[in-house]
Structures are given as C-alpha cells and as structure tokens.
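You will see two complexes here that share subunit A, one where it goes with subunit B and one where it goes with subunit C.
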Partner chain A sequence: MTDLVVEFSTADGVVRAVDGLTYSVDAGRTLAIVGESGSGKSVSSLAVMGLLQSPPARIAGGSIRFNGTELLTMSRKQHRAYCGEHIGMVFQDALAALNPVYTVGWQLTEALRARHGFSRRQARTRAIELLDMVKVPAARQRVSEYPHQFSGGMRQRVMIAMALAMDPEVLIADEPTTALDVTVQAQIMTLLAEIQAERQMGLILITHDLGVVATVADQVTVMYAGRAVEQAPVLEAYGSPAHPYTKALLQSIPRLDRKGGELEVIPGRPPDLLAVPAGCPFHPRCERAEDVCRTGAPPPVVELPGGRSAACHFAQEVMTDA
Partner chain B sequence: MGRYVLRRVLQGILTLFLVIFLLHLLTTFAIQLNGNPALAFFGDRVPTQAQLSAVSARFGLDDPCYNQLGNPCFGPFVNRLKDYLSGDFGTNLRGREITSIVATAAPNSFRLFLVVTATWLVVGMFLGSTAARRRGKVVDHGIRGFSVMIDALPVFVMLLVYRYVITVPVYTWAKKQFGSDSFIALLFKPSFDSDHPMITVIIPGILLGLAGSAAFIRLVRAAQLENYNSDHVRAARSKGLSERHVRVFHIVRNSSIPVATAVGIVFTEALAGAVITEGVMNIYGMGGLLWNAVRDSDVSLIIGIVTLLAIVTIVVMILVDLLYAALDPRIRYE
Partner chain C sequence: MPDGSEGDVLLQVDDLVKYYPVRRGVVFKRTVGQVRAVDGVSLTLRRGQTLGLVGESGSGKSTLAKLLVGVEAPTSGRILVEGVDVSGMKRAERRRLRRTIQLIFQDPYTSLNPRMSVGEIVGEAFAIHPDAAPKGARTKAVRELLDLVGLNPDHLNRYPHQFSGGQRQRIGIARALAVKPRILICDEPVSALDVSIQGQVINLLEKLQDELGLAYLFIAHDLSVVRHIADQVAVMYLGRTAETGTDVQVFEQTRHPYSRALMSAVPLPDPTLRDTRRPIVLEGEVPSPAAPPSGCRFHTRCWLAPIVAGREGGDGTGVPSVCSTVQPELEQQEASGHLAACHFAADVTSEAVGHD
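Entry: the complex of A and B
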C-alpha cells in the first residue's frame, strides 16, 4: 500500500480517514497496525478488500498492489473477486459477521461452491478440514450447526476458517479478539500465529493490544489520525520508540513487572477528523511539542536506521532518549 | 420443533374459543337490546305468539335468558359449541344450511384473496427490493412516495373511482370492440359475474392488493437496508462473491425473516379490505355475506361466518409462525 488516501463525505464536510498511508507485508511475516479508535485502521483494510461503501467513501489517492497487481484500478467486481482468491479477512465480531441463517459448513464453503464449482460433498469434506484446521472439536458434527450454537471463541475460529477457505496468501485480521474474554483471546492469537507460520501467509493484524503485538508481530505500524506515525520492527519500536505517540502508547500498557506504578494515560483525545490541528496532528497531546510542531504542514516522515521511519520533527532525539 | 408447533396449535384453539365466546356475548347483548331477531323471519307480517315461539325455537332463540339484559346466556353458548363440534352450523333465517351458503361464497372470496395476496407480495417484494438497492436515488424516493400515496388513498375511494369512473367507458368500448364475453370486457366488468368468477375478480383484487402493498413495500425496504450494511453481508462480500449472489443469499434471504412476520398483519388487513371490496364490487363472497347478515340480524349466519374467518386467520397466523421458525434457525433450535 502506497500513500493511500480515503475520504468520507459527511453532512459536516469531507473527512480524511486515511491520509497517505504506506505499508507492506511479506509472505510469512506479521505486520501489526495499532492506534487509537478512529485512527483509520479498519478503513484502510476495507480499502484493500474493496469493501468501502462509496458513497460516502472515496479513495482519493494512492495505490494498493498485491504481488505487483494494482487493485485500485480494477472494477469493484474484479477487485472483490481478486481479493476473494488472495486475501482473507477476519472480522472483529464473529457473531455479527457470520450469517445466522446458514450452517457453519455452508458459509465456510460458500465461495468454493459458488466460484469453484465444488459439489456439496466436496464442500462438506473441505468444511470439516477447515474446522479441524482451526481446532474446532467434533468438526464432523459441528459443520451442520448454526453460528448461534457456537461459543464466542469457537465462532471466531469459524470466522478464521472462513477466511482461510480459499487458501489466501495474506490474511487481514481486524481486532480478531476484542469481542472475546481474556483466556480465549490468547488461544485465538496462538492459533492465528500457528496457522500463519505453517502456511507462510502474510498477516496484517489490527489491534489495540500492544502486548499481543510484542509476542506475534514482526513489524509494527502505529497510526494516528489516518497516518502512520511510526513504522519499525517490533523489538526496536518497543525498545526505543521514535515517535512520542508510540512512546505514550507503550507507557499506557498495564505491566505486571511495574505493579503499583502509575499507569500513564495519554492526555486528551484523538483529533476530530473534520478539524485536524495544523502542524503535527499529535501536537495538542504531545509532551515534546515545540513551536515548529504547531504550524505548517505535518512533520515529514523521517527515515531512521534499521529500516525504521517516524513522522516527527524530533524522531532522532526521541529514539535515542529512550 | 414438534413442541413449538403443538404449543402454537393449542394457543390457536384457545384464541378461537375466545373469539367465539366474545362473538356470542356481543350478539346476545344485541338481541337483549334490540328484541328477538326471529321477527325478521316474518318480514312485514305480524306473527302469532305460537308462530314466533316456533321460529325462535328453531333458531335457538327461545331461551328466556335473551329477555334478561346482561345475562351472558351460557346455556345457548354451550349448545352452540356442541353443535359446532358435531359439524352442525345451523341455518340462516331463511332456513338454508350455513355450510352450504359458505360453500358457495367462500370460493369467490378465496379467488379474491389469491389475487390480493399475489399482488401485494409481488409488488411489495419487487418495489421494496428495488428501493433498497437504489437507496437514496430517485427510484427510491419515487417508490417511497408511491407507497405513501397509496396509503393516503382509502381502498373504498380507489374502488369507487375504479367502478364508477373507469370501468364504464372501458367496458362499453371493450364490449363493442371484442364482444361482451371477451376477456378484456369481462376484466373490466363493473360488477362481479358468477359465470366468470375468476376474471371479474382480478382488478378489484389487484386494487386491494396494491393498498396492502404500501406498508409492505416500506417494510421490505427497511428490512433489506438493515442487511445491506450489516457485518455478515460485508463478510460475505469479502469472500469475493458477486454482488448478485450476496443480494440473493444474504440480503433478501435474511430480510425475509422480519418480512414473514408482516405477512400475518397484511393478511388480516386484506381480510377487512375484502369486506369492503366485495360490497362495492358486488362480489358474492364471505365479506358480502357478512355485510348482509349483520343488516338482517341473522345471528347464526354472523357467528358462523365470523367463526370461519377467525379459523382462517388463526391458521394463517400459525402458518406464519411456522414459516418464521423455518426461516430462522435461532428460533427453530430454541
């Protein structure tokens, strides 16, 4: 993805939900995208899949390429069909994302039957295989059950199986565990990591949970107000964040080894996208902000050693401070 | 599922019993207030006391409770239930079997219903889906305007305008052009023709169906819109399925659940509309029959017809519930 810009026309004006986002993910690698609510994480992944409703959404610029194939110049129909074959998507709320009126088996193999001419018997075999793959017990019986008969964690497994049905090369998981309770969250994350390693898929993991990022991701992209403010390998980003926002996010993670210590909360709120502050969008909340941050264009992306980058006037200093 | 059906059927029987009882109470009080309806049997003649009591006895109106205002007359009620259970629905004031009257009238009503139901289903589904698919566009506004307009126009006005303004010239012209037994002429015949019960009922049926479709259009539209932006539809699109496939299997299919519940409501509305339609268009059906029976204070006939209509309604409601369960696995597996 290069310089993607997505705008929404709303009653109050045009909202730029994604503003020049660039990222890439390689086969077998995991890219985590983190950021507060409303920073454009979901919108950018829906743009990849061709799932934005337009209007109100409009892709105002940029390019999304998959193995060199440009997706944004395709017709919507081609785009969706292409992504159906190559990119799988796991949605946040499996209960809502599964259709209540069809059996799990039916939904798992819907595309295989509709697009690849699978017979019912082939489809059933494949559905059982998929459920086994995501470790749903008694898959043979459960294929013919309905989503409401599954527990939350099992449902999310089904959702993952559904995304894997077409053997995608890349999987996008948009907050795959937020709707689940903590113990189940860990199981689902482990499952995703295993499947990804086994199939050497690229995984784009959208999440709020920085703890998860540390354990499963290779690369992290931190988003703020529609932009990537920092991109770095996970260990480096955690060890020496190069953007004050990343730093603040890391300080707001509850940590067992700092029991009793104050949990820091980032003051203020994410900006209203209709009135993004001039200069650096983060400046009203930034403890390092100086005059140069408050006016003019947003700070340019600074390339840093180790294939990292950050959009802050003081990236270099922030990184070495830590 | 079996228990669900059984429970619904038992509920239906209880409802039916209550309807019959309520009806009994209403007619009983009407008799107590208005005097013996057996008098109607004699028309303008004044019967002797003996004649009157003979006729009263025949129609089960001789119980002294009918002279005591406020007496619920349980005795005659129990007798009537017993008769009904043994298949005896009594006679009208002219001595004709109610079952035989209904047997001639019901098929005409049934034909009318067929046309009405087909119309509102087809019009409602088609226009509702189209409006949902083109939401916010001109077509959508047009369809919504159309449905509001239909609602604002009472059925009987529509029928009267049709009968007295449209049919006469068209019918005259068609008769001259194609002969009075031609399809076109019969189609626009201003009143019902028992020799051609189907053709002459088509246009009144369509008009009544249109009236019923107004609410249905909006319901189908709303139900589908809710699905267009739902998570499961987005997930279906992410599988690379064609928009048409998504529409049929995920949008229309899922919106059929709320739509099914409305079928019962629209049906009862059509039932009420049928009484008016049959009246205006002179259709010899259950509605027209009921209309006349009320005018003649023909108690047995009124109760017989309303009971039958109640049975039909209750059966439809049960079918709707079963349809609902068939459409929604969350209910089926409760």
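Entry: the complex of A and C
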C-alpha cells in the first residue's frame, strides 16, 4: 500500500479517514496496525478488499499492489474476485459478518460452490475439513448449525475458516479477538500463528491491544488520525519509540506484571476528522510540541536507521531519549 | 494492609445465590432447570478499598453487581450494607440502600438518556433522593459534581451525544456520585473506551476514591486494569469464587489453576518477554451454568488435574476422582486472607507450565 487516501462525504463535510498510508507485508510475516478507534484501521483494510461503499467513500489517491498487481485500477467486481483468490479477511464483528439464515457449512463454502463448481456433497466435506482445521469440535455435526448456535469464540473460528477457504496468501484480521475473553483470545491467536507458519501466509493484524502486538507481530504500524505516525520492527518500536504518540501509548497502559503508581495519561482525545489540527495532528496532546508543530503541513515522515520511520519533527531525538 | 483486615466493613456478602429459572414452552411455560448465575459467593468490602472482580464471560460478575445494587433479588444468602441485612428488603426499602451503593455501567453510549441534558441526568438523582441536596442548591450541586469529574460545569445544558465516550463515562460517574454513595459498583467501566481515555477514567476513579473515601467493586475483563486499581481481588468461575486475596497474593502467589491460566493468557506489552512466556491455553469454553460440572466446576478444563492424576499413576489424561466428585471449598492459604478453592492448591505455583 502506497500513499492511500480515503475520503467520506458526510453531511458535515469531507472526512479524510485515511491520509497517505503506506505499508507492506511479506510472506510468513505479521504486520500489526494499532491505533485508537477512528484512526482509519478498518477503512484502510476495507479499501484493500474492495469493500468500501462508494459513495460515501472515495479513494482519493494512492496505490495498493499485491505481488505487483495494482488493485485500485480494477473494476469493483474484478477487485473482489482477485481478493477472493489471494487475500482473506476476518472481521471485527463475527456475528454481524455471518448470515443468520444460512448454516455455517453453507456460508463456509459459498465461494467454492459459486466459483469452483463444488457439488453440495463436496462442499460439505470441505466445510468439515475447514472447521476441523480451525479446531471447531464435532465439526461433522456443527457444520449444519446456524451462527447463533455458536459461541463468540467459535464464530470467530468460523470466520477464520471462511477466510482461509480459498487458501489466501495474505490474511487481514480486523480486531479478531476484541470481544472475546483472554482465554479464548489466546486460543484464537495460537490458532492463527499455527496456520500462518504452516502456510507462510502474510498476516495483517489490526488491533488496539499493545499486548497482542508485542506477542505476535514482527512489524508494527501505529496510526493516528488516518496516518501512520510510526513504523518499526516490534522490538524497536517498544524499546525505543520514535514518535511521542507511540511512547505515550506505551506508558499509559496498566500492566499485569507490575503494580504501577498513577497512570501517565495522554490528555485530551483523538481529533475530530472534520477539524484535524493544523501542523502535527497530535500536537494538542503532545508534551513535546513546539511552535513548529502547531502550524503548516503535518510533519514529514523521517526515515530512521533499522528500516524504521516516524512522522515527527523530533523523531531522532525522541528515539534516542531514554 | 496486607490481609485487608483494616478499615470499616461497608459491604459484607455471605453465601449469595442467584438462580434464574430456565423455561420451555410457548403458552404454558414450564421450568425445566436453573441457571446458577451466582452460586455461593461471599465477599467483604471495606472503606476506601477496591475489590477487583475478574472471570470469563458468564461467570456471574454482572449478576452479582445487580444483586448488590438491588436490581435483582437473591435466591438465598445475605447482603449486609453497613451491618444491615438488606437482602430480604422490599423495593421501597431498597431505595435507601441504593443511596449507599451506586452502579456505573459499562456502556457510556447507551446508559444515558439521549433526551435529557447533562444537568438533568446528574440532577435526576436528587428527585429520587430529595435529601441528598436541598432544592435551591441543586444546580450548584450539579455544577460541583461536573467539576469534580473533570467536565466543564458550563456544559450542563448539553446532551449526551455532544460528548465523547470518556466524557459520557464521566457523566455516568457524576450521576452516581450525586447521592453521596459510599460504595460504587463499577461493571466494566472502561472496557468500551479507547486506551488513552481508559487511563484518564481510571485516574479519575482513583482520585475520587482518595478524596471521598469511596469503596469500589471493580468488575473487568482486563486483568491488567484490575491489577492496577485493586487492593483485593476475587476470581470467579461459573458462579463461584475460585480464589481471593490481596492483589499481590492473587497475582503473584497464585493458588488456583484457573487464576493462573487467566493470567498467563494476558499478552504483556513487552516483546522481549515473547519467547519466555507461553499462555496456558485452556481447552474449550466455559460450561453452561445451567449444568455445571460435578465436583470442582473447573475440572473439565483444568490443566493441573491431569498432571496430578499422572503423578499418582494412571495415564495422565484423567483427573483425580476427588476433582470430579468433591466440590472444593475456599480454603486459607499460607498468608492470611488468601483463599483458594482447589484440592491441589499447593501444587499450583510449583508446576512449571506457561514458561519455557
């Protein structure tokens, strides 16, 4: 993805939900995209999948290439078909993403029947295999059940199975465990890691949980107000964050392994995208902000050693500060 | 206070039970069973203290909260508020209790009436409890409350949709504080909020506790948040307490296999620990509280039971018969105030699982 820009036209004006986002993911690697709600994580992945409703959405710029093939110049239909073959997606809300009136098995194999001419019987066999793969117990019986008969964790497994039905090379998982208990989250993350290793699949994991990122990701992209403010390998991003927002986020979360004093919080809240502050969008909340941060264009992306980058006038200093 | 035994007891719960009937049939509903949402919970909450309540979804946390604020009546057991048994009280009598105990909801988006202004929402409590503030002084009281929770008092004529999630949660807190309660029951008060906003609300709750001497029952999925805020912790599983003690006892000297599994599953925000820490992945999901397993309710998912069974001979797949037949009671561990309900509590910390 290079310089992606996505806008929505709303009654109050044009909202720029993604504003120049660039990232890449390699086979067998995990890229985590973190950010608070509304920072553009979901919109950018819907753009990859060709799933943005237009209008109100408009892709106002940029490029999304998969193994060199440009997706954004394709027709909507071509785009969807291409993703069907190469890129799978697991949605935030599994219940909403599943159709309540069809059995789980039927939904799992819709694409196989439609595009690959599987018979009902072949499809059922394949559906059972897929449920087995994501470790749904008693797959043979459960394949004929409806989504509401599945627990939240099991529904998320079904979503993963569905995304894997076409053997994608890249999987986008949008907050796949946000609504689940930590115990079930651990089951799902373990499952994803196994499948990824087995297939050398690229994984784009969207989350707001910095613990999950630290546990599974190779690379992390931190988003704020539609932009990537920092991109780095996980060890470096956590060890020596180069953007004040990343640094503040890491300091503001309570930790299980120690009892801290008062939490260091980030004052204020994420900007309204209809009125993004001039200069650096983070400046009203940044403890490091200086005059140069408050006016003009947003700070440019600074390339840093080790294949990292950050969009801050003082990235170098922030990174080397203790 | 290492064993939490200082300070006045504000709330004492003894062997509290709440069963919901399971009904079948469309016209003639028959009761075919019971959901044991809360099944024998005891706890003590002291002035100025925070008791953190954790456990998977469906373990009975919210039901317990509803019993404590009097929204639901218990099937059996006692709730003592400042020494007075309120469990058998009629609705009207419970109102008085409501003044002492207030609830803060999880969802700042749906818990506020969208057609009422902030001033009306916060001031509403004065209509129900007229003695909380004299009539002429109510607007002033509302402004003070808004100020106390960090909102601009001049915004009292605004409506909930004009506020962000974190601000709405502050409105909910101001409303709860209006009647000068001594106990706040917080059911997932920060779960719906963004990371950067969560911290603001947590700090506010801690500040209010210091200033007003409030006691909190703090329910949360997020164990890290509970670790941060709680002095005492109770871990619930299928309507019962698995383990309870001070935060250090429960988090560092863990004596129940379920607590240990829960903690191991929390991903720590430190990538350098990645290779040394493995979650104890519990198989399956929480069984239905309508048909809890025999003996120890955790025996169908317990990681320790098969280890113990293996050690005592056998093929290492079964569980000791005591686990599947005898319900373990909460028992005192080494340190006073630390209780765990496991037949093999002494083995929990020594078994090396969850680490490489």
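As a convention for this text, the second predicted complex is superposed on the first by the 320 of 322 C-alpha atoms of A that agree within 3 Å, B and C clash if a C-alpha of one lies under 4 Å from a C-alpha of the other, contacts with A are read in each partner's own complex, and residues count from 1 in each chain.
In this text, a contact is a pair of C-beta atoms (placed from the backbone, for glycine too) under 8 Å apart; a residue touches a chain by one contact, two chains touch by 3 or more.
The structure displayed is predicted, hence computed values, not measured ones.
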item: Side-by-side fit of subunit B and subunit C on subunit A, or clash; value: fit
item: Where the C-alpha centre of subunit A sits as vertex, the angle toward subunit B and subunit C in the overlay (nearest 10 degrees); value: 80
item: Contacts of A:51 with subunit B and subunit C, given as first, second, both or neither; value: first
item: Touch count on subunit A, higher of subunit B and subunit C; value: C
item: Touching partner for A:69 - first (subunit B), second (subunit C), both, neither; value: neither
item: Partner chain in contact with A:209 - subunit B first, subunit C second, else both or neither; value: second
item: Partner chain(s) touched by A:295 [first = subunit B, second = subunit C, both, neither]; value: neither
item: Touched partner set for A:114, first subunit B, second subunit C, both or neither; value: first
item: Which superposed partner A:97 touches (first subunit B, second subunit C, both, neither); value: first
item: After superposition on chain A, the shortest CA separation from subunit B to subunit C (Å); value: 7
item: Overlap of subunit C and subunit B interfaces on subunit A (superposed complexes); value: none
item: Complex interface listing, subunit C residues touching subunit A; value: 56-57, 164, 166, 194-200, 202-203, 206, 221, 223-225, 227-229, 247-248, 251, 261-274, 279, 281-282, 284-285
item: Contacting residues of subunit A [partner subunit C, same complex]; value: 36-37, 137, 151-154, 181-187, 189-190, 208-216, 234-235, 238-239, 248-250, 252-257, 259-260, 262-267, 269-270
item: Parts of subunit B lying in touch with subunit A, wherever the complex brings them together; value: 229-232, 234-243, 245, 249-250, 253-254, 257, 327-330, 333
item: For the subunit A and subunit B complex, residues of the former touching the latter; value: 46, 49, 51, 53, 77, 80-85, 88-89, 91, 93, 96-102, 110-111, 114-115, 146, 148-149, 159, 162-163, 165-166
